[in-house]
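We just call them A, B, C and D in the order they show up, numbering each chain from 1.
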Amino acid sequence: MKSNFFVPLAPRGLSTISPPPPWHYAGDFLIIDFWARPEAVAALLPDELQPDVKAEGHAQAYFIDWQFTGEHDELLDPARYQYREFFILVDALFQDKPVAFCPYIFVDNDAAIARGWTQGFPKRHGLIYQTRVFAVNGIASPKLVSGSRFGASASAAGQRIAQGTVTLEKAVTDAAALGSRPTVNLRHFPRLAAGQWERPAVHELVESVMDHFSVADAWMGKGELTLPVCQNEEIADLAPIRCGNGYRMSVSYSVTDLKTLVDHSFK
Amino acid sequence: MKSNFFVPLAPRGLSTISPPPPWHYAGDFLIIDFWARPEAVAALLPDELQPDVKAEGHAQAYFIDWQFTGEHDELLDPARYQYREFFILVDALFQDKPVAFCPYIFVDNDAAIARGWTQGFPKRHGLIYQTRVFAVNGIASPKLVSGSRFGASASAAGQRIAQGTVTLEKAVTDAAALGSRPTVNLRHFPRLAAGQWERPAVHELVESVMDHFSVADAWMGKGELTLPVCQNEEIADLAPIRCGNGYRMSVSYSVTDLKTLVDHSFK
Amino acid sequence: MKSNFFVPLAPRGLSTISPPPPWHYAGDFLIIDFWARPEAVAALLPDELQPDVKAEGHAQAYFIDWQFTGEHDELLDPARYQYREFFILVDALFQDKPVAFCPYIFVDNDAAIARGWTQGFPKRHGLIYQTRVFAVNGIASPKLVSGSRFGASASAAGQRIAQGTVTLEKAVTDAAALGSRPTVNLRHFPRLAAGQWERPAVHELVESVMDHFSVADAWMGKGELTLPVCQNEEIADLAPIRCGNGYRMSVSYSVTDLKTLVDHSFK
Amino acid sequence: MKSNFFVPLAPRGLSTISPPPPWHYAGDFLIIDFWARPEAVAALLPDELQPDVKAEGHAQAYFIDWQFTGEHDELLDPARYQYREFFILVDALFQDKPVAFCPYIFVDNDAAIARGWTQGFPKRHGLIYQTRVFAVNGIASPKLVSGSRFGASASAAGQRIAQGTVTLEKAVTDAAALGSRPTVNLRHFPRLAAGQWERPAVHELVESVMDHFSVADAWMGKGELTLPVCQNEEIADLAPIRCGNGYRMSVSYSVTDLKTLVDHSFK
């Protein structure tokens, strides 16, 4: 199980913050479509991306309950590897091609922060929760039927940064209806040496690569999202002008690769 | 939504630590049968209970991912009300009748501590995790099939107090096979006035009452449990001499009542 | 170390949620005087207390970094017993005598919840932080001098419920200037048996008793406090109309007693 | 406050995981000298470092309560920036010069993880606690006098990875007696692109640079440390064969630079 992929570079690879790829994920997703002020979206884009004017500020909020495993049954150690996530994707263009860019993302697990940074997801720590479904019937377990409601929230450093609700209407029979722009991230790692602060060691526009992507039990309906004003946080700049569809589904995929689009790293 | 049931007794009942009953629960259970030293089990029993000699130290460890709701859609506020739990039940006799007694229980949620104390569950704070099942297929999501493995752990104040694994063998078709002794707790609330410390305001042997108990997707197989030695913790006194069956299932029920068996409160 | 004071009533008294009294405390306090709407204060008072009309809605917010110990060096186990606290005291009258009543209090530690409930403090779980002073000079360590600023915040279930700042002006040479109304709490423990929900097992108006109260390094200055509006929380009903003095000091005391003023428990 | 130093690269620099340098720190340190098996120390060293044979496996454990601030009063936002840390330094040689290398380090704050990675500290998330001193006298507040005891612990993913005690004997009048090898880290950031996993984007041996280093209230005495065996953790490979001095002191410094010793990054 020796790994030189992540720190700490421990002799037997056990104490590393996360096992090396391949990485395998399964999770429950709550997704909410919304429209922010187009200028607020544009202000978040790196130089290499252009605003997608036709999208009119379209964005999506994701709340996910994740289970992760590497190649050594990490799913049997949920205290270390199970986690929850909240992130936002905004519509943009890369060389005239529609893409989705991730400006903000929060997880409650350090292994997920490490993997995320490697993929270009700008992860911070947060506390994220969503209403769950259980196999058993009962008042405390919503069913996957029209009218069922699911709540979700995300907090960072003790402030509520996002709150959402999805009310189911109908099952999604055509997965293509879920759409899917490629996700584009800014992979970035600074230099601390005096005089080098503006010359990051890593600064690349990258595109996420997912293998074996699979969806089950996808439902859609009405989404509602708020991004409350918080001290010293900018996420509320994206506060929804209006909300659209909401989705709930279970998703799995694996990660073994990353595609560099533009490399601005300072060598 | 006014409630005078729990503190704080807030004017509109919103800031109370938990809504009043009825309480509704749904959750995923991992259960492991084990046998501890009979003397260790006997040492935990309150005066009103007798050791169940035939049980030979039999006990059960429960790891549960819970969703709670009261009567006002509390399941839509998972940051406040969703929680995880670990507890142990030991076999005992009450007036020659087989019962199960809960000596130790840990949850990661204050509303659950409040409700638990009211029911006689001696709850402390802990961090509890178990492997999850998702609707989607994938390497990171175990299926409910023979051979699938589920891990679970519990920690208190930074020490690992329990670790378990369940390997599925077969679906449980006869729910009666799951057995079920009534759960008996010691409901207790101290007096702090000088000279009154040995005269608790509440000290009752009580029996849990559950309504609308329902089970789904019950599987059984092999259980493995360790209760590691920890500083200033006594749970390891129950360290398994041998382990037996393991179970995984989804369970729901409601709570609206509690039965007093013996009342030793000092009035 | 056998204890029958708190649950769990473990054989050797180690696994109990908190050691029995005597309880010893030392901590750093940030205190902010403020005035809420008098009607909002009145709405919080139990029947046995009357509004203190002359106080015009006066209240105080406390942020405390606590160290606790019992009689067995619990201060050497800070993972289990060190904690942080936020609470509000509002002015009131009991039989024409000025008192302070605690409607809301939050701690990040389960042992503190258990002790608090026993004293009548209606504790819930929260995350609380305050700026610290260190013995060493440096930009990251404010000194106890005029102009130094201290920040503090409290959150519950991922929502920011309070935020405060104290700017020091002068050392407090006369501790009497700190004032001190007796603290009066509502000690309360419910009954769950069907038909008994309105007949709490414990429902007493009590007065806190502190021994060996000691203050050091007390400073006063300007206090600022906000109590933001939060979903399903009522604390913002006390939102400051204006703020007054702020204080920072170190305090120690012991607790071995509690005084019952009125007992409305249902026997 | 615009920053392009850390992700997320937010428009106004507020939502970044940590402000850019300069970084200012003040903290309370508990330090314990110990000797591990020399082979265990050697197994941790990167290729560029050699075992310090004369050190005979000497290492140090640090438990620190930190306050951080950047240039914008971040110390007034302790919920986001105050943190606790545990790490180990092992003696080694770099080009025949005595240095200290950090193989393992844990913090409870994401901003500290981000800064640490930039400095080459291989930080993971943990929960760390130490006994505190308060200005006030009292049973719950140890004084800086001979015989006083301080406890500390660190946990990761619910397992106790380190536990220490320092018993004070005498004040340290000569700060030089505290010794101080330069701290050498392995600054590392992986590549995820398929086929590039063994070609990290950043892989440099670096030396920490600290400005305005200041110490106050330094005491020394007896140190005791255990590094318990934990599942899937390698830290216990360094379990003390014997322990030596223990120290308690307050320390402050600033960070604005980092010195590269050897750069093995794959360009």
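In this section, a residue touches a chain if its C-beta (ideal position, glycine included) is under 8 Å from a C-beta of that chain, and two chains touch if they have at least 3 such contacts.
Nothing here was measured: the structure is a model prediction, and the numbers come from that model.
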Chain pair with more C-beta contacts, B-C versus B-D: B-C
Chain C onto chain D, rotation angle from CA fit, given as a multiple of 5 degrees: 180
Residue-number overlap at the chain A/chain D interface, same or different (half cut): same
Distance from the mean Cα position of chain C to that of chain B, given in whole angstrom: 30
Distance between the centres, which are taken as Cα means, of chain D and chain B, whole angstrom: 39
Chain D, residues touching no fewer than two other chains: 77, 79, 127, 129, 153, 155, 158, 231
Chain A to chain C touching residues, read off their complex: 127, 129, 153-155, 158-160, 163, 230-231
In the complex, chain D residues that touch chain C: 24-28, 65, 67-69, 73, 75-79, 82, 127, 129-132, 134-142, 149-153, 155, 165, 212, 214-217, 250-254
Chain C residues within the chain B interface of the complex: 4-12, 14-15, 17, 20-21, 43-44, 46, 77, 79-80, 103-105, 109-110, 113, 117-119, 122-125, 157-158, 186, 188-194, 197-198, 200-202, 231-235, 237, 255-260, 265, 267
